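Questions regarding the structure given below will be posed in turn.
Should a chain be cited, it is by its letter among A, B, C and D, assigned in written order, with residues numbered from 1 in that chain.
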Amino acid sequence: MSGMSRIVKTMASITFPLTMIYGLYIIAHGHLTSGGGFQGGAVVASSCALILVAYGSVWTMGKIKEKSLSVFESLGAIGFIGLAFFGLIFGANYFFNNFLLKQDIIPFFNAVGTGASNINTAGIIPLMNFAVGLKVIVGLFTIVLVMAYATTKLKGEK
Amino acid sequence: MMEQISQLVETLKTGTGLWNPLIWIVAIVIAFLIVYIIRSFGNKDYKKGTEQTKAFLSGNPEYEKEKMHIKSSNIYWGFLESLKWAYNALDKMHTGNVSDYVLWFVVIMGVFFIIMGVL
Amino acid sequence: MSIEELFNFLLDHSPALIVAIPLLGAFLTPLVGKINDKVRNAFAILVVAFTSFLVFLLANDILTNNTIRTYVFGAENAGSPIVRILFEVDGFSAYMAIIASILAIAGVIYAWSHMKEHTGQDKFYTLVLLMIAGMFGMILTGDMFNFFVFLEITSIAACALIAFYTNKGKAVDAGFKYIVISSIGALFILFAIGILYSQYNALNMAVIADSITFSFLDKIALVLLISGLAMKAGIVPMHMWLPDAYGRAPASVTVILIGATQASLYGLFRMVFSVYGNVFSSIDVTKDTVINTINSVNSVGWMLIILAILTMLIGALMALKQSNLKRLIAFAALAEVGYMLLGVGVRLASKVSQDITIAGETTTQVAFQGYSATALTGSVFHIMNDALDIGLLFLVAGAIYLVTKETSLNKLGGLARNMKYTTVFFLIGLFAVSGMPPMNGFASKLMIYQSTFQLNPIIAIVAILCSILLLAVFVKVFHSAFLGPKLPSLKDVKEAPKSLLIAMGIIACIIIFIGLFPNLFVENIVTPAANAIMDSAKYITAVI
Amino acid sequence: MLFNLPYIAVVALILIGLAAVIFKRNLIKIVIGITLIESGVNLFLITLAYRGGSTAPIYTATTTEETIMSLPVPHALTLTSIVIGVAVLALMLTLVVHIYRHYGTLDARKIGREEE
């Protein structure tokens, strides 16, 4: 896939940070409002896909290596499962413990906040959202990128 | 220790039948011994290097070993030929088309619906 | 922490760890793979070995004490587990987990040499471990929706592995067929789960089982569940994906794929005997649903028997015709699935209600015929035997492919002269799969034959006939691949590499052990598992 | 009658999807059919969750004690199902790309027919 016109590229560059910030907001507020890791991740991934469509898959493939993407994806998954294991080790001795007993391990996130909409609440659920978000962003973007790249190669073959 | 060994050789009871592989093995070994004894009677007449050892193919000459191997698609030729009607039907069933796979699923689901009295 | 405490800790958390450790290992594999190929392979084997150790720890506890263990995620066992995700491990789950772990460890050891020359091994091991995690999840879970999720994890990973040889068109085609079939089956299962949730406001299997009334909607849900799971287990006539998938996947994957298919069969057992236990396996007359539904229970049983006979016959007949070795074994695997389903069918078809007059008072009693317990025990036993026998044969087929690069039986011959160990393993598999004494297949088939004979002699005769056909099939393979003179094209064939022989040896040893001491095995492992699946009341009371 | 409309839509979606899978020979259309079945099942789960006049199940959005919330569990189930659906869809399309590369066609009757 080759790039599109200058107008599209400019507009995509302007829209990209806005969409990305909105997606990150959805991930960060996943434990308070509707949404969470997957939804926010999908929004961010779609903003990345916007860049991909505007600038073309060959240009994007030159900027990002597929291997580093798969490392990030693994890190997201390991983060999620690792947090689940945290409950076994630091929590009340069961798997997927949302509220760790030893809060000092991860200082910022409390079990209960001062108000209903306090952001540093809900134990390790926000951290799990971040892990899922990372995995979804990288995973969806990799799928779109690789598929777009595969179609270009096919045209080159013929 | 003795208990564990006796547990090992215990017979499997299936309600109406019995099965004990160890007794079966003993029986097979005895059968082989009998066969061996019978074989040893005839072994005296066997002479190496004479006409006796050659393969008898109704008087035809023996082929080379490499050409004697029967390929797998030729084995059970008669069975496949006599059941040709069944195999033709089965071949028609296995179209290799993913749509037909799903069609069979829907058919079976319909039959189950009728049996359960839903439809 | 002393060793005893550590063991207790592992035992308490084993249901969660059995799923979590392969999952963690799966995502660590690409990072470990950056170091070295050998380190990564060893890491994968280590992960699976540790998981198997946990499985044996858990199964030992459950099968000896005859208990049910529950594990609630995100909370202690006290409180209200009904709204949480719950793992419930009874004897049957533990039994299936043993089978899955044996297959998994054989597959991973086998893959070391078998996949040596391929690229993308990082992804291969990640997917294999994901599939193992999904398989264990399906077996251990006690939650309907969780079951669906693990079913999908297993089928997605399996699909990618079936299409692993992307340079071959047929492999990709088989992968596509598999994902279409399994996603449609899984979606109908999800639909059934939605129907059950709408009625009982619960996703927990035990809670649904407790309150099931066999209403109109329940019947719809049951049909969707049975047909979806039967398709995933490869019951004729929904079996066509199975020869494609088994035949095209790498042999190390096929072994684990057998476990995935059996996990679907486990789902069928669980749905019929536990979730719908009040309808199908209850003999409690006070439940007014029971008597009214005996006719529909019997008709489902006969339907399953008919499907089982079709599965056996078509599997054996089609296997006779194949010339591709792996496709042939896949059709034989199909025939074996029929025997397992036959036990279930016989159990359901033998449920009767009879009027008994005691001291002038006539009471209606619901009961199973005595032989039906033997039938179900036999079919539970046969799950293990089928997994081991067919697994061993697939491993042999993979070894032949690795050393000769030939898939067609027409181009093989005289391999016994160069591959002595492989030949011995194939002979063991041949005798076991066709139910020849003294191998393990005979013991379980004997139980099925004898109990089926009491229901209807013709079914038993057909079952024995299919067994003979299977023997004929594998004698053909043995003759054309192993016997005969050395073919000129196969002069330089060598014995299979060591890791292949180790994997085959593990399975062959277990086959011979079970074959020689069937009673020990049946009494200590199979009977508790079969009793657990037959006793639905115990499954319900373990949670509520 | 109006209340049952979503259920009719569910059945219609599933039947259309099944028809597409069974009668269409193009692989892309088969993939579309599976997506339709999936949407039908997801719609079914969402419909289960709805109660007449209910709000989204957010704690701060409930203004009074009497506010009815729709059931959150089916929403979570639907979300999980959608996530799985994305993975399945991506995998199927990848395989379709591979199939097209090998055979140069997407006709289900013409793929995987070569002799080895």
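Just so it is clear, contacts are C-beta pairs under 8 Å (C-beta built on N, C-alpha and C of every residue); 3 or more make two chains touch, one makes a residue touch a chain.
Nothing here was measured: the structure is a model prediction, and the numbers come from that model.
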Subject >> Contact-richer chain pair (by C-beta pairs counted) among A-C and A-D >> reply: A-C
Subject >> Averaged-CA centre spacing for the pair subunit C and subunit A, given as whole angstrom >> reply: 36
**OP:** Round to the nearest whole Å and give the separation of the Cα centres of subunit B and subunit C.
**Re:** 24
Original post:
Where the CA atoms of subunit B average out and where those of subunit D average out, how many Å apart are those spots?
Top reply: 47
Original post:
What residues in subunit C touch two or more of the other chains?
Top reply: 176, 180, 184, 244
Subject >> Where subunit A touches two or more other chains, by residue >> reply: none
Original post:
For subunit B, which residues are shared contacts with two or more other chains?
Top reply: 96, 98, 102
Original post:
Looking at which chains touch, is this a line, ring, star, complete or other?
Top reply: other
Original post:
What part of subunit D is in contact with subunit C in the complex they form?
Top reply: 14, 21, 27, 30, 34, 37-38, 41, 44-45, 48, 73-74, 77, 80-81, 84, 87-88, 91-92, 95-96, 98-99, 102-103, 111-112, 114, 116
Original post:
Inside the complex, what are the residues of subunit B that reach subunit D?
Top reply: 96-99, 102-103, 106
Original post:
So in the complex, which bits of subunit C are touching subunit B?
Top reply: 176-177, 180-181, 184-185, 188, 216, 219-220, 222-224, 226-227, 230-231, 237-238, 240-241, 244, 296, 299-300, 303, 307, 314, 317-318, 320-321, 323, 370-371, 374, 378, 409-410, 412-414, 437-438, 442-443, 446-447, 450-451, 454, 472, 476-477, 479-481, 484-488, 515-520, 522-523
Original post:
Where on subunit B is subunit C touching in the complex?
Top reply: 7-17, 19-22, 24-25, 65-66, 68-73, 75-76, 79-80, 83, 86-87, 90, 93-94, 96, 98, 100-102, 104-105, 107-109, 111-113, 115-118
Original post:
subunit C touches which residues of subunit A in the complex?
Top reply: 70-71, 74, 77-78, 81-82, 84-85, 87-88, 92, 94-98
